[in-house]
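Multiple structures are listed underneath, in structure tokens.
First chain A sits with chain B, and in the next complex the same chain sits with chain C.
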Partner chain A sequence: MGISRRGFMKLTGAGLACLGLKDLGLDPRPAAAYATTLRIEGAKEFQSTCPFCSCGCSILMFVKDGKFLSSEGDPDYPVSEGALCPKGAAFHSMHVSHHRILKPKYRAPGSDKWEEKDWDFVLDRIARRVKETRDRDFIEKNEKGQTVNRVESIFHLGTSQMDNEECAVTHQMLRSLGVVHLDHQARI
Partner chain B sequence: MTQHWIDIKNADVVLIMGSNAAEHHPISFKWVLAAKDAGATVIHVDPKFSRTSARSDFHVPLRSGTDIAFLGGMLKYILEKDLYFKEYVTEYTNASFIVSEGFTFKDGLFSGFDPATKTYDRKTWTFDKDANGLVVRDKTLQHPRSVYQLLKKHYSRYDIDTVSSITGVSKDNLLKVWDTVAATGKPTKVATMMYALGWTQHTVGVQNIRLAAMIQLLLGNIGMAGGGINAMRGEPNVQGSTDHALLYDALPGYHPVPTTAWPTLAEYLKANTPVTKDPKSVNWWQNRPKYVTSLLKGWFGDAATAENEYGYEWLPKIEPNVEYASLFMFDKMYKGKIKGGFIYGHNPCMSMPNTHKIRKALTNLDWFVIGEAHETETAAFWRQPGFDPKNVKTEVFLLPSCQRGEKDGTTSNSGRWHMWHYKGYEPMGVSKPMGWMVVEIMKRVKALYAKEGGAFPAPIQNVEWYEQYDADLMAKKINGQFTRDVTVGDKQYKKGDQVPAFPMLTADGATSSLCWVYAGSYGAAGNLTKRRDHTQTPMQAKIGLFPNYSWAWPVNRRIIYNRASVDVNGKPYYPAKAVIAWEEGKWVGDVPDGPAPPMADPKGVYPFIMHTEGHGQLFGPGRMDGPFPEHYEPAETPITVNPFSKQMSNPCMKVAESDIDALAKNGDPRFPIVLTTYSMTEHWCGGGDTRNTPALLEAEPQLYVEISQELAKEKGVKNGDVVIIETLRGKVEAVAMVTVRMTPLQVQGKTLHLIGMPFCFGWTTPGCGDATNRLTVSVADPNTRIPEYKACLCNLRKADKVTELQR
Partner chain C sequence: MRMRFPHAPQPDLPDVAPPAEAAAIAAPFAALATLRRAIAADLPQGLFEVAYDPDRFAAGQTLLDTADLPALVPGFLAAAQALLPGIADIFPALARETTILSQALAQGPRLAGALLAGFFDEATDDLTPLAAEIGLRPATLLFLTRELVGTVLRAEAPRLAALADDALWRKDHCPVCGSAPDLGLLKEQAEPSEFLVAKAGRLLLHCSLCGHLWRFPRLVCPSCGEGEHDKLDLFVPEGRERERIHACSTCRHYLVVTNRVDTDAAFDADAAPAALAHLDAAAQERGYTPICATAWNQFGEDETL
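Here is the complex of A and B:
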């Protein structure tokens, strides 16, 4: 049966009501596709990008009622033409993995456990620690009397995991604070 | 990448060296195989036989850390056999330039070396200039101080016997590779070179890549379809995050970071804006003042004025001779000099060298913020094996990061394609984009300073900040906007209009742009990163250019330096695979490197527009460790004599020294085996994301070490045994994979063993093993400060007891 998967989906989409499994013949491929059609029926398609290597493969996400149902390679991305490697193929399971951290966690000095906290608690506390450290350690002039306006005791590391827009705000924040120990995975 | 992924299919020869593309950039290999199907020869040069080797025409194993010897021999071969592309080399490279008389190279050192600081004074690495300030050239290439003649002399020492003996590659294999690649020195033959961390992670990393680029220039393969020098970038957005310079040494858009040497913007711009007297040189960096001023306007808005040099004074200035890179950041943290900070989406407790030191260093912090999707080894450093949490005083904040499919924004692939991705649904739990965390933290810091004052508040008060994180708004600001009504050329723009492209950016504060290379991605026509249009002209379709799919920096140019793909009259050297062509008074094909007519036209320009003199740099005066690549041994080497000079290791390499950093001496008999590290298809870098994705962990569950059958026999180890790998830094347990993929090499007449290990397995995933990087060295390339992960000395023995791999 020389029919592409996408072509098959269009076909079944048009004639779903009158098409039974027996009409599909014995080739298991279209049968598998038929099952998928049912699973994502009514789902909205969103385009995302694989979060691993820099091939940047485009991935289609299928979402229904706010629930992420499945993902697959995007046949319209000219680089991958719909193909994915094992990591890209795990896009959906990585999103729904039960290992994910879903709430802010806080570990007090000397404690042996995490505590769940709300965003306001952690963000306020972080801002306070940044200010304390910066105010204490800020260097306006070096030993030679040159203006340096920097803080050496605060660092930032990462992040090639950010989007370009996130990188832009991050750089803007760090230079405004005077951070000089700033680096990311390009150095790996 | 000078090219883009699809362009690999246009190559006649594909040299994959310093990469295992089939396993680490699997989709790239689609295009390698497309090239092969069309008749290309595919070569894999790598210590290990892998799936890349299996699909190549041939695999050539070499000793890790000897790429310069291998390529230096190739360069000598090309010159000796007269196989270089003469017109290209004479017209488009600096082969004909006359180097200053003071330049010398003696026994492994170039002129200007200071042994006390281990740096070069590069003042003799320059060219003779005539009375008009133009570089003196000899297009016959006969002048003894011409770059061509110096190059020939420099590599005359790289004869095949010496190269074979040091690299461990047989002479037959050397000739097979050299012949195949050198055959592309014709206009209608082209080779591409694909590399990754196998070239960068050495103390001579930059020079590995430079030498490859020099060979590509000699063969006329830069700017051509199917050519170029292609860095297969690793991380998902390491291209974009490098463009936006989350790096100590740069500002967004490849501008040097301000140092104490440049206290004012005027001084900074004077020192960093190159000048040429040659009217045919575009010298693109002459535009730097426009880009830096627009960046400062983007950061500080109305507070940035001509009077205050757009807020330049507020920026931190680093010391020119102090180290700040991540290797040294952790060294300072280990020594108690860094007190708090942020890590987002990075797991240095796995991926930095000598991770014992990294893990200890973090316990010295007062406070630590980590944005992550999982509890990685870095997030959980305070309860790492061997430490009592009671004694770790650090206050730790683990901020839940959402995943890619839960946010809008762009990433940039290795071919510089800038692509939008869409939020599919609300982030799970209360997880958030990392950009949201940054905006919220800075909002609160600003509020504290507004209320309480504090140290040097000016930049914090004046930085333009955001009510909320908005990817679309940031994408607009990255592109750039007009800050007032203005006329540029004959066009009028209103305040708030999007800048059409970077030629419209100005140095007078009339424009803002958070990263000039992206200007043009979001102009009046809207957000071009969302384009999914496959339309192309037949000429573009022939080479798979896809100019209407997404948007590529710069100015949607898909192949960089494409003016070098045509002769001085604008005629393609390789008509069947033309990138651009001058037809009826205009350029067709790709977006050319600038609109100027072909070089022979009175208004024509040289092709290498980013270089001050406009020519490809066979002699490269910009690097820290020499204008010509020279073979030096890795910091830890199994040999005791470098046949090329008395200088064993890179004289400029950067070494982080502490009580737990140690280097084995040359040829140390306790550690006779070379260890190299690498990734695998199923896991990503330090493994934080992939070990927490069940299917991927099931596919690759445990740390292993690949060892040859010969070494296994010597050590009495069987396939599946647990072994201990040991270096001067530490010990690691791994399952022995006894395989024909690793081959003993004959180096200087002796048998040398190499072993290889992945580095993605860590203790937070029980029973999978722990960081391979406990073994590696805190030594780095002097240009990039990328550590030498790819070669260090070790030994191995069968384990008497299994602990880390116990399930």
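Here is the complex of A and C:
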């Protein structure tokens, strides 16, 4: 006679007639009373993706009351199996760092002070300056008469905080403008 | 210079002893777990063969599924001789009934086969007719049979566990015997690279019957398979952050889980579930039902929280 899994599940599942603590001569009341004194708040774990590189490691984020409290590698992600590089391991630290700039800041030409500005101001300002610079310096052909369609007076500096998608979109935008000077913060 | 990441215990996850209020529950079950292991170590091993087929195993056939029940009888009888008196010592409230079962098994060893059939065979509704025949409460007979079978399987589990490939088995029941889990365990995997941080807790489920540990996805309900993160609740008691309740709002079942990441403190996975009975009480107070009904998570109706 073989062993049936259904039979097993029947015997170990909830709702089965099962001996209780009292049947064993044990008093369940102290543990039950202690449970009522525990301060237990519900939390959630969410799976997300590390934004730092093309590995795209999966990260688990511990969230309580809408607040992101901690993170760790996802042990069920088949590529990294829960391991993270130092940047990925610092995912939560980056999120809550007091160095993190949450609002746009602007330093006027010649000034030595940063001012807080709204997004409308900075986006408009950046767009206007890029357009002015490109209109002024756009090079359609080089000295040999070859079509180059480039702008040499705009430089873009990337960052290791950008994810792959941001890098791709940024690169496409800059190439469409004719910007040829692009580099990455990690090389400086 | 070769850089190494410090491997120090997480300061925010201290090891906290079980609460004194749960000690009266934890202690006898810890003694039972120790006794079971000691008896299992002396039992004859290799009593039955397992027809292991990786394809069938990956499709959900447990290792014990192909075993013949009569092959378990000698181990069952041998375990009964030592375990039943031990249970009587640990749980004096069961002394009379353990004596009755010991005598019944001594007088009629064929009873062992009937008990095993009643325990495993889905065609048999339960052990009620046998219990009436022997003169035991059905729930007591189920408890004692389960402990005896668990002891026999513990003797065989190390041999069978070697076949239970985690890569082929991510199911909600034990790959060795098919039973439900009574505990979850979070433990990191050693990472050989000095450039990586590996402190992610892999979820291991502990079999309520044979004690085998197997991998299971962390963000999936081990009762109904719910994978929506929004529907999986996590409860962590303040000041006892290594203790967790994984609950599912879809099926309303829960599993108690202990976080063993970054700690090498001695840990007995067989005894731990009962030491977390206060979590069972807290989960049931919130309207959840245990995935696996065990004696330590049955608080009685008048103790309904």
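Operating definition for what follows: the second predicted complex is superposed on the first by the 113 of 188 C-alpha atoms of A that agree within 3 Å, B and C clash if a C-alpha of one lies under 4 Å from a C-alpha of the other, contacts with A are read in each partner's own complex, and residues count from 1 in each chain.
One rule holds for everything that comes next: a residue touches a chain if its C-beta (ideal position, glycine included) is under 8 Å from a C-beta of that chain, and two chains touch if they have at least 3 such contacts.
The structure displayed is predicted, hence computed values, not measured ones.
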Could you tell me if A:P109 is touching chain B, chain C, both of them or neither one (first, second, both, neither)?
-> first
State whether A:G82 touches chain B only (first), chain C only (second), both chains, or neither.
-> second
Now for A:V130: first (chain B), second (chain C), both, or neither, which partner does it touch?
-> first
Which partner does A:T49 contact after superposing on A: first (chain B), second (chain C), both, neither?
-> first
Look at A:E72 in the shared chain and tell me whether it touches chain B only, chain C only, both, or neither; answer first, second, both or neither.
-> second
State which residues of chain A lie in both footprints, the one left by chain B and the one left by chain C.
-> 44, 46-47, 76, 80-81, 83-86, 88
Note: in the complex, chain A contacts chain C through residues 1-36, 38-47, 60, 62, 72-76, 80-86, 88-89
Residues on chain C engaged by chain A in the complex (per definition of touch) | 5, 19, 21-22, 24-25, 28, 60, 62, 64-70, 91-94, 117, 119-122, 124, 126, 137-140, 142-143, 146, 173, 177-180, 188-189, 191, 193, 195-203, 208-209, 217-219, 229-230, 232-240, 245, 253, 277-279, 281-282, 285, 289-296, 298-300, 303, 305
Chain A residues touching chain B - in the complex, by the definition given at the top = 44, 46-59, 61, 63, 66-68, 71, 76, 78-81, 83-88, 90-91, 93-97, 99-112, 114, 118-119, 122-131, 133-138, 140, 142, 144, 146-173, 175-188
